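Here chain A shows up in two complexes: once beside chain B, once beside chain C.
And then the complex of A and B:
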């Protein structure tokens, strides 16, 4: 082997070992959860209420609460972030003061720890607006948390639409609204959806923002005004507060991970669809 | 008729074109030639106010199209661009089906029935000689067409709006010689029916197509028009020594 090749092989080997190390670490965690959780997951586990503070029974109310919180937060955060992103892209120059100020505050908000959002949600939604511990409070708090990231992802998606399309449509005498509705949004659609799904992943995994807002009662929620425990809060409670709850925590974690995995696979396929649409390989 | 009076374009501090005054007679093909960076494309962008979309660009002087000052405050640029169609250098069909590419611009114009839309689409595609090539796959993505077909679709899209003027920015430069010949033949067919301003690098093309030729050149750091006249006159006995050298292939 000559000198030149030998030098090349060092960074290659280094990169491979780092990659293998990280993958192995993650695989270990996943396998551990799957190994310990799998024996407890059954149809009954998914469909029954918890008993004995969660040591026995299932997680049906948590699944329902989680999905309700998700619905509330997305139905608020998605339209708001879409509107903000469109405004940022269409109405402000990238260098203008207003646009820069909003972008900076969004980035700052995205970096705020979720526990802070939890405290804010508790003070604002639960106490000040009198919603108390409820799925609505939790969902709205999550919406606040998702807004910055969803807006930025949507903004990037809209900006990634080639400007040729906008120029083409302006030259063809189309108005800004027509361009937005028929060209920009459909082209950016899959990427925006991918962003939304990424948001769903964030929301599914959230714990700290929900403990003080959605609460942690294990009852099946009757409406969004009821308090409800999300899957992630349930894991926290089982692992930390309930002696003998470990196996239940593992099983719940496994369910949550499978849900996240489905969400992530959706993101990947949506992004692929999106890039195909721009390149025209798979356009409608 | 398109008439510019002391038209200048600035990008921030730099002046892209300075004091261009020229007249494009009705029904003529006017070619704008010159080396890269001499402001040919900037000039074209001012004529349908696409220059408005470029951040930092400002325009001074006057442009009259069909007697109307197109920089008059409050002018509807959407209406202007339907009257003055623009064809870009690189084909830029929408990421939609072939049919929708044309339907979309028509729908935005006024309400028409599906049958009317299809009829105009067919006429426009026939005008650019694309109909026979695509009539069986109108609902396939336009981006799957070849480059030359895409460019002709873009011209069809502009023609569907029944413009009076067509602006073409090196419409053949991104195409292979065969596709390029087809587009050139198409421009030949469109002659007299439309008033055409075409920017081109290709002097032979300008000579073949144009009634009038304007030569742009960089002087004192900005693009200026150094020669304008009928194609015959400009190519045989140019007044300006620089353009004479350029047109005979010695310089530029």
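And then the complex of A and C:
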């Protein structure tokens, strides 16, 4: 018996040390960013333009560019993914040829490396459609990237709505469209929103697809036709191409991480709200 | 679904609009991957036609401005970083999933899972920055500048670890609980249950997760570009600098023109075929298990 307990204690210790190691690594990265970034972040840093190739000044144009790229990509990808998910769930059987083909092509799209999206976006949006390096090109490229994940989350959200809801609605004589608009979408709403916020997180983190589509101009963008540098591209440029840019890179990384933490917390609470809305049906 | 068996009401105008609207959206979404393939092919075609696929492997070096297009060192670097990262991340990721499923108290497991999701959400450029400023000086004690194959493997392993861990977690969690209870009732220890019962039952799901992580490692660009040293060279030692295919595209796309640009698209096409092939295989493996 003693021998058994001894044999069991080695794997127990090993599994706990793996968990502690991973936690420590995450803490190391986050503390490093917070520690080195914090001293440079100020109101002035967030609201002023960069000077001296970015070594001085702030990141206001990058924040604006990042938000514009986000708006462009989500305003295209969100409706498209919602339509696709509704079609996959409501308009076709799960095993139909069309449904399977579209799901497979989205899986393949999800696998495309982001730098390859950058190549595609450069050839298609920048060169062929003549948008050049612009926030519009970058946003549209990102929209293509976000489409698979947004569609998948929305599809799962719609499937999680209990079929009794729809049966009840059909029994009451409502059309499919009415059922969708007033029953299915409101029930799945928080989870769909969580998917959209998840998409925002992905878009904020993206770098490789944006360098050769949205460009790296540090000026404040006047419109979506201007080139604009995202926060992530700014971190890369400060760390790699500007000697003495490390502290600015860290400060920008801290701003980006804080944005991502807010996104992460929003996703968690939206998912909780979504599952309450579905499981709460028995209480009523 | 039940509703699609048409009653007269469901044939209303709104329903038809919904049907056509969503079908158009689905067609559009489904065709984007084809658009990507067509454009990569179209842009790579001049290089494939002029140089042929063989020269990318037989040319002695990568000097695109003087017509030498040897991709081999960079292909080797991509394979080396990917293989190294997967070898490091797989045991750690599976171990971390076993921890959440069999060792951690439920509350801790929930927090730990959220922490892994957080790790998955950190941008690759931030991993790159941390690697460059923190890890590179530490690695330089092993010789060289610190920017090299081993540093790239470490950063890359950390980046794909959440993918392995989260998918293995889901796969282990979907092992029927009466199997586990039966094993526990017959007096087996947690470690025996995990390795003899749960892991074999979850192996296709875990395998699919490892493959997804491999695809991610192949395509990863920014972090590798920042810590691998960015020198086109066959990977011969762990501390020596290398440049992967992805890092090559990111470094040279800004100024490449004509056949140089076309060759970069060829390497993009190679990356896409490799990554998409692995992911589709993984999805097929996972789908197989569900049926």
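The rule we apply is simple: the second predicted complex is superposed on the first by the 263 of 284 C-alpha atoms of A that agree within 3 Å, B and C clash if a C-alpha of one lies under 4 Å from a C-alpha of the other, contacts with A are read in each partner's own complex, and residues count from 1 in each chain.
Heads up, the rule we're going with is that a contact is a pair of C-beta atoms (placed from the backbone, for glycine too) under 8 Å apart; a residue touches a chain by one contact, two chains touch by 3 or more.
Predicted model only: the values in this text are computed from it and were never measured.
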| item | value |
| --- | --- |
| Contacts of A:11 with chain B and chain C, given as first, second, both or neither | second |
| First, second, both or neither for A:147, with chain B first and chain C second | second |
| First, second, both or neither for A:139, with chain B first and chain C second | neither |
| Which of chain B and chain C A:58 touches, first, second, both or neither | neither |
| More chain A residues in contact [chain B versus chain C] | C |
| Which superposed partner A:164 touches (first chain B, second chain C, both, neither) | first |
| Which superposed partner A:236 touches (first chain B, second chain C, both, neither) | second |
| Chain B versus chain C as contact partner of A:114, first or second or both or neither | second |
| Contacts of A:50 with chain B and chain C, given as first, second, both or neither | neither |
| Partner chain in contact with A:175 - chain B first, chain C second, else both or neither | both |
| Residues of chain A contacting chain B in one complex and chain C in the other | 166-167, 170, 173-175, 178 |
| Touching residues on chain C, where the partner in the complex is chain A | 1-4, 7, 9-10, 12, 14-15, 17-19, 21-36, 39-40, 42-43, 92, 95-96, 98-100, 102-104, 112, 114-119, 121-130, 132-134, 158, 161, 165, 189-191, 194, 215, 218-222, 225-226, 246, 249-250, 253-254, 264-265, 268, 271-272, 275-276, 278-280, 283 |
| Of all residues in chain A, those that touch chain B in their complex | 93, 164-175, 178, 182-183, 186-187, 277-284 |
| Residues of chain B that touch chain A when the two form their complex | 48, 50, 53, 55, 77-79, 81-82, 85-88, 90, 92-97, 104-105, 108-109, 141-144, 154, 157-158, 161 |
| Chain C partner contacts - residues on chain A that touch it in the complex | 4, 7-8, 11-12, 14-16, 18-19, 21-23, 25-26, 28-29, 32-33, 36, 79-84, 86-88, 90-91, 98, 101-102, 104-120, 122-124, 128, 144, 147, 151, 163, 166-167, 170, 173-180, 201, 204-208, 211-212, 232-233, 235-236, 239-240, 246, 249-250, 253, 256-257, 260-261, 263-264, 268 |
